[in-house]
Amino acid sequence: PAGLTIAGCTLESRLLIGTSGYPNRQIMLDAIEASGAELVTAAIRRISLEGYAESVLDLLRHKTILPNTAGCETARDAVLTAQLAREALETNWVKLEVIGDRETLYPDVEQLVKAADELVRDGFVVLPYTTEDPVVAQRLIDAGCAAVMPLGSPIGSGQGIANPWAIELICSRSPVPVILDAGIGTASDAVQAMELGCEGVLLNTAVAKAREPVRMARAMRAAVDAGADARRAGRMPKQATAEPSSPQLGLIGS
Amino acid sequence: PAGLTIAGCTLESRLLIGTSGYPNRQIMLDAIEASGAELVTAAIRRISLEGYAESVLDLLRHKTILPNTAGCETARDAVLTAQLAREALETNWVKLEVIGDRETLYPDVEQLVKAADELVRDGFVVLPYTTEDPVVAQRLIDAGCAAVMPLGSPIGSGQGIANPWAIELICSRSPVPVILDAGIGTASDAVQAMELGCEGVLLNTAVAKAREPVRMARAMRAAVDAGADARRAGRMPKQATAEPSSPQLGLIGS
Amino acid sequence: PAGLTIAGCTLESRLLIGTSGYPNRQIMLDAIEASGAELVTAAIRRISLEGYAESVLDLLRHKTILPNTAGCETARDAVLTAQLAREALETNWVKLEVIGDRETLYPDVEQLVKAADELVRDGFVVLPYTTEDPVVAQRLIDAGCAAVMPLGSPIGSGQGIANPWAIELICSRSPVPVILDAGIGTASDAVQAMELGCEGVLLNTAVAKAREPVRMARAMRAAVDAGADARRAGRMPKQATAEPSSPQLGLIGS
Amino acid sequence: PAGLTIAGCTLESRLLIGTSGYPNRQIMLDAIEASGAELVTAAIRRISLEGYAESVLDLLRHKTILPNTAGCETARDAVLTAQLAREALETNWVKLEVIGDRETLYPDVEQLVKAADELVRDGFVVLPYTTEDPVVAQRLIDAGCAAVMPLGSPIGSGQGIANPWAIELICSRSPVPVILDAGIGTASDAVQAMELGCEGVLLNTAVAKAREPVRMARAMRAAVDAGADARRAGRMPKQATAEPSSPQLGLIGS
């Protein structure tokens, strides 16, 4: 259905995928292919390590690389990392992460808003990884971010969407695409994100750590499509009591 | 992925769909087409009304009709209704419903087991609509049913799967296919059913009463595929704490 | 608040408690005391073992013993067991259990209804342990049971109330008290049962297997009272959006 | 059980209660009495309106008033309001609210941390109303707050605890008491908050807007005690399958 438009660019796939934690490189490449994702995110810190950059980025040349600032803990660190990526990869897009806690990998929202503001002024297309806090989402939108990417649950936890109410609220208010980022564990989580009003889903571990990553990537591709269609189709209202889908009267016994 | 085998017949689609409650006949036919379902269920009582039978069954001639005993309240009534359908439609398959309560449309499990037993002895391929009670599911399997079809929540309620634990348990034990029947409200519900181990999903109202039934039918088709793939792919374990999908150490700032 | 009336007898406490699985007998007695329960259930099979009967029943002489038919798998077995208990304990009350599955300890509802029917005819006050199936609950009420006791989740699982919708439905229809039996894991589960409309809670493992059984018994006592009061107080409706509990205008800054 | 110690002061009751939205003043006073709360929060803006101050504060003289900064939207506004309250009420305690969104009444966490920092430096005992973001909670603790008060769901919504995982995480890490503030709708919500590790619960609308506020206040009193006891008692582990609480072997039928 349709496609995902960010900062004027339209992607056919609503799925964004990461490059970490796969059993091996071939499975990573096969899974990314099976997912149909066009936007592939990779940690700038790792890309910068010579050797890695050569091979993986070469192999993913037909995809659009979305560098991320994973591992940065201050606005300053994240801004510098993004600038380095812009030079190295010739892209002004960045998935902005500023981590406030090493155990939960929750963002530091104050530093995040600050970094987003600086990067937007510096000409970046900024996609920030944030909490499900609607006030922070609004600050990021006000700062000029091209999308907002709230977490479903902690990175790599696979717990799904802990607070659907907040995600739905953010979606209902945002003039820019909302992309669920972090926490997806299986296909139904991705569908739910889309049903809540997200325009895309970014995931990594759910595919990389599935028993069969390539099959799970294919599942996620179908899931995101199913969710986008279900959202647009307008679901039936929930009913407190049953309503017969078949008629209750007829020839026999009536 | 693969397909759904019931009583030796293999269907490509894991989705079964009903024929009631659509805005009009054309939308019903378009939605059934979009769903990809090969097995289409219709109330025998309604089929029996001349005129209806002529047109709808003619229009659905390329599908396999699964007659159901909707509206029956006793084993005797259900058995007679199934026998009538066998004659009229030249099929020995039946979706067995014996309703114990007009408000919730919950099955009367005692009468259900009794009817299933009689119909199996009489040569029917019996697909019983039942509760999520694992003991009753076992009785139906013991009686020789070709599948078991537990409810997610009341017929037409769209409340999703009220008791996932029980559904998963039934799936884990059943030697015959488990098909979730009733309660599906949107695509994520259908995915969840498959992730719990169901081999198919039967739905009606979720499509018929969506704002755009044809689009929702398409969503359900993708949903069931996504769920079947996700199940087979083996989801990642849920983690209590975060695990970085991107490396935390690198060139900058470390 | 008020009290629980079953078959014309009014108990002050809405908590019923079991006697199995405690670290030792003294903790059991202390926990039962702390719980405030007046009705204490014990397996007839165990009571019948001489020695046990002497001591435990003597120690619980100030409580009302509710014999249960735990371990019975047929109506016939359960009826015989109840009759034995009536003779041995001089009570015509019985907690009726007919188990259909040794792994989940789910009731066999067909045998359960049959046993209930026989025991009521034989003059018993029957409190049946059943599933959350509203049709079966109605059959038990029709048979003359003095209460219905649906499960929250499997015995001893501590998973809480798997299907609150069904429990609430049973409560809304039942002319006799509904007592949640099985699945309670902690105090909030007991409160929820009461808020859904149950008139009592029967539990055992949640207390017996808590780290501090006596303290948990006290928690359960308060929980059942809190839930009964909350139910009668009529909870506020859930609101989709926030409503200020404090005024938004005032002296400063307005 | 025990009591709640904040900034060296020990309160017997773990329940904090608000003063807004009751049907009338007498019901408010009766409900506060029935709740057993010692700490009663009131909006400084309203207190400041002469006449109100006279009567309500006089009537609540035997309670400890906790002034709150409801309605403030900037750190500066909140700090001024707190200072005004200190003068007027001769207390250096303040429930700090800095609202970032008038619809959801979510806090503006950046301004909140700033205000908390200033107020602590100025000698206040600060109890901040915050989101369920563990990083922000840590910033508030680092700033010297005497407690942290994360929301369960939006103020006045009665939706309960939307993200139990996050609340439990904040509790597990905090060296100061965690008090759940906002979103409680009924007694089981309050019990759950305590079971997750909160040391207190602050509520208002759940009591004020119940059909019978006084009875609900009593329910909440018991609920908080039940939850505190259940937490300390150490709940049984959840089990995937059933475990018989009664013995399965015995005299009859074995």
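Which chain is which? They are A, B, C and D, in the order written, and residues in each are numbered from 1.
Here is the rule we go by: a residue touches a chain if its C-beta (ideal position, glycine included) is under 8 Å from a C-beta of that chain, and two chains touch if they have at least 3 such contacts.
Everything quoted here is computed from the prediction, not taken from an experiment.
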{"item": "Far-end chain from chain D, centres as C-alpha averages", "value": "B"}
{"item": "Interface sides of chain B and chain C: same vs different residues, half threshold", "value": "same"}
{"item": "Inter-chain centre distance, chain A versus chain B - centres from mean C-alpha coordinates, in Å", "value": "32"}
{"item": "Interchain centroid distance [CA atoms averaged], chain B/chain D, Å", "value": "46"}
{"item": "Chain B, residues touching no fewer than two other chains", "value": "104, 106, 159"}
{"item": "For the chain C and chain B complex, residues of the former touching the latter", "value": "100-101, 104, 106-110, 113, 131-136, 138-139, 153, 159, 162-163, 165-166, 169"}
{"item": "Chain C - residues contacting chain D, complex", "value": "18, 20-21, 42-46, 48-49, 68, 70-73, 77, 80-81, 84, 97, 102-106, 154-159, 185-188, 191-192, 195, 204-206, 208-213, 215-216, 218-223, 225-227, 229-230, 232-254"}
